[in-house]
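This is the structure I have questions about; it appears just below.
Going by the order they are written in, the chains are A, B, C and D; count residues from 1 in each one.
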C-alpha cells in the first residue's frame, strides 16, 4: 500500500480535475433560489416557501452525492500514481466536461420535477458520465502499478465500480419513461450495484488464483 | 511539532476540501446585490441604498468568519497528517455538503432579516455543520499521530473545540424563537466557548497527569 | 524525460493558474439558462425548449474544449519545471485575464447566434488568447531546461503550437465577416494546424541535425 | 535564493488563499452583463451595446490587475517559506475577506460610473485591502528567514510595497470627492509609488551598510 507522490505533470492534472469537481459541486447551491418574502410575512408563509424548495434541495443533495461519488472514483483511480501519460489528458477533460454540466442537468430536473424530459436528460447525463469515468479509470489503471498499490481484487473492483452508477442511471432512465416523479429513486440502487460488483471482483480473482 | 507531509491520497482529499471551502466562502458575495441607480442619482440616494444592504453585508461578514472558523478547525484536524483512510472520505463529504449550503442559508437569513424561520434555518445549518465537524475531527485524530504532532492538551482541545460553534448556534437557535432580529448576536459567544473549552482541556489533562 | 518538482514559487503560480482555468471552464455552464416550464407542460414543449438551447450548449462544448486546449498548452509549457522567474508573473496574469473573459465572449456569441459582431468579439478573444499563450510559452521555455525534459523537436513544436488556435481563430474571424453563422466551424481546423506545425517542427529539427 | 518547500500547514494556508484569490478574480466577469439583442439586430446596435459595456469592461480589467497585484504581493511575502504560525491565520482570513469583496465593489462602481459614493466605496475597499496586506506581509516576514531567501534590500522593499496601492487608493479617494469620473485614473500611479518605494528601500539599506 505504498503511496508514491505523483510526478508533477500528473499532479497538475489531478489538481486541475479536483478544482473542477469542487467548483461544479459547490455551484449546485446557486440553483436553489432564495425566497425573499415581504416584511412581516408569517412563519407559515416561510414554511410554505421552503416546501416549494424541497425539489431543489433534493436535487442539491442528490447531485452533491453523485459528483462526490465520481470524485471518489477519480481519487481511487490515481491512487497508485501511474507515470504521467499525455493520453490521459483528453479522456479526463471529457469527464470533467460532463461533471461541469451537472449543475445544469440538476436545475433542469428540479425546476420541472415530475416531467419526463428533464428526468431523461438528467439520467442520460449520469449514463454518459459513468461511461467516461469507467474509460478514464481503465486508462489510468492500465499505465502500470510499479508500486503494487492496488491488489488484484481491488483493481478488478476499481475497474468496474464505475458501472454501479451506470446501472443505477439506466434503471432510472427506463423507470423515468413511465413514472418520471420517482425515477430518481432508482439511483438509490447504486450502493447495491457497488456491493454486487465488489463480490464479483472477489469471486473472479479467487477463481483465477485457485486455477 | 514535526509536520510530516501528508501522503498523496490524503493531500488530494485536503486539497479538494480546501477548494470547496474557498468557493463557498467566495460565493457569499454573489448574494450581496449590487445597487444600480439612474444616472444623476444623489449621494443621499446612494447612501440609502447602502443602508438597505447592511443586512446582506452583515451576513457576508458573519458567514465568512463562520466558514473560515470551520476551515481552521479542518486545517488543525489534519495537522498531524494521519495516514489516509477511506473512512475519512464520506464524513468529509458530508461536512463539505453543509459548508457549500451556507451561501443559501446566509442569503435566506439576510433577505428576510428579523423573520424567525430564516434565522432558525441558519442556526440549524450551523448546528449540523458543528456536529459534522466534530465527527470528522474525532475520526481524523483517532488515526494515530505517529509524529506526536499534537500534545495531549492540544488534542483534547482540538477534539472538543468544534463544540464552541455548536453551543453558540444552539444559543442563537433558542434566542431566535423569541427575538429573531438579534439571535445572530449569540454567535458572538463562540470565542467565549472556545476559551472555556480550552481551559477544560487543560485542567483535564493536568488532572490525568497528576494522578 | 525526468520531471523535476517545480520549486515552490513556480508551484504556487501554476496552482493559481490552474484554479483560474478551472473556474473559467466551470463557469461556462452558468450561461446555459435552465428552462422552467409550467406544470403539466408536454414533452414536445420540453424538446422545443432544448432545441432553443442548442446554441448555448454548442458554445459550452466549444469553449470548454478551447479553454482545455489552452490549459494543456500551459501544462506542457511548464513540463520542464524551469526555475521560477518573476518575469513570468505578468505574462501569466495577462493570459489568465483573457481566459477568465471567455465565459463572457461565449455567452455573447451564443445568445446572438448568427450576428456578426458577437462572432467577431469571440474570435478576437481567441486571437488575443493565442498570442498571449505563445508569448508565455516562449518565456517559459527560454528559462533553461537543465533536466533536458524537452527534446529539440518537442521544444520546437511546443513553441509554435499555440499558433494553431491563432490560425484557426483568424480563419474564423475572416469567415465571420461574410457568413457569421458558420464562422465558428473554422475553429475545427485547429487539429489540422496542430498537425502541420508538428510536421514543420520535425522537418526543421531534421534539417538542422543533418546539416 | 534557495526556496525551501513550505511545511504542509503553511502550504494548505497558501493553497486556500490562492483558491480564494483565483475565485474572486474570475468571478469579476460575472458582473459584465451579456447583451442579448433581438434576431436581426444590426451591427450598429451591437456596437452601441458594447459601448455601454465599456465601464464594466474597464472595471473588469482594473480589478483583475488590482487583485493580481495583491496576489503577487502575497506570493512574495511567503517566498521565504517561514515556519507555519497560527498567528498568520486570521490576518490572512481578513485579507481574503476584503479580496472576496472586490467583485461587489467593482460592480457597484461600474454600474454607477461617475457617481461619488460608489467610487468612494471602491477606493476605500482598496485602502483597507492595502492595510491588511501590509499587515500580513509584516507578520509573514517577521517569522524568520532561516534560508536567507530575501536580501536586506528586497525585504525592506517587500515590507513597504503594499503601501503603493495604499497611496494610489488614497489619491483616488481624495480625487473622487471632486471629480468622481476620473478618480480611478489615480490608481495608475501605483507603479510610480512602487518605483519610489524601491528606491527608498535601496538607499536605506545602503545608508545602514555604509554607516
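Couple of notes before you dig in:
Definition applied: a contact is a pair of C-beta atoms (placed from the backbone, for glycine too) under 8 Å apart; a residue touches a chain by one contact, two chains touch by 3 or more.
Computed from a predicted model, the values in this text were never measured in an experiment.
Among the other chains, A has the CA centre that is most remote from the centre of subunit D.
Residue numbering at the subunit A/subunit B interface overlaps only partly, since under half of the positions present are found in both copies. Rounded to whole angstrom, the centroid-to-centroid distance between subunit B and subunit C, based on C-alpha atoms, equals 37 Å.
Averaged C-alpha coordinates give centres for subunit B and subunit D that are 26 Å from one another.
Across the assembly, subunit B contributes 15, 19, 23, 27, 30 as residues in contact with two or more other chains. Contacts from subunit A toward subunit B in the complex involve residues 3-6, 14-15, 18-19, 21-23, 25-30, 32, 34-37, 39, 41, 43, 46-47, 50, 60-61, 64-65, 68, 71-72, 75, 79, 81. The residues of subunit C lying in touch with subunit D in their complex are 7-9, 12-13, 15-16, 19-20, 23-24, 27, 30-31, 84, 89, 93, 96-97, 100-101, 103-104, 107-108, 111-112, 114-118, 121.
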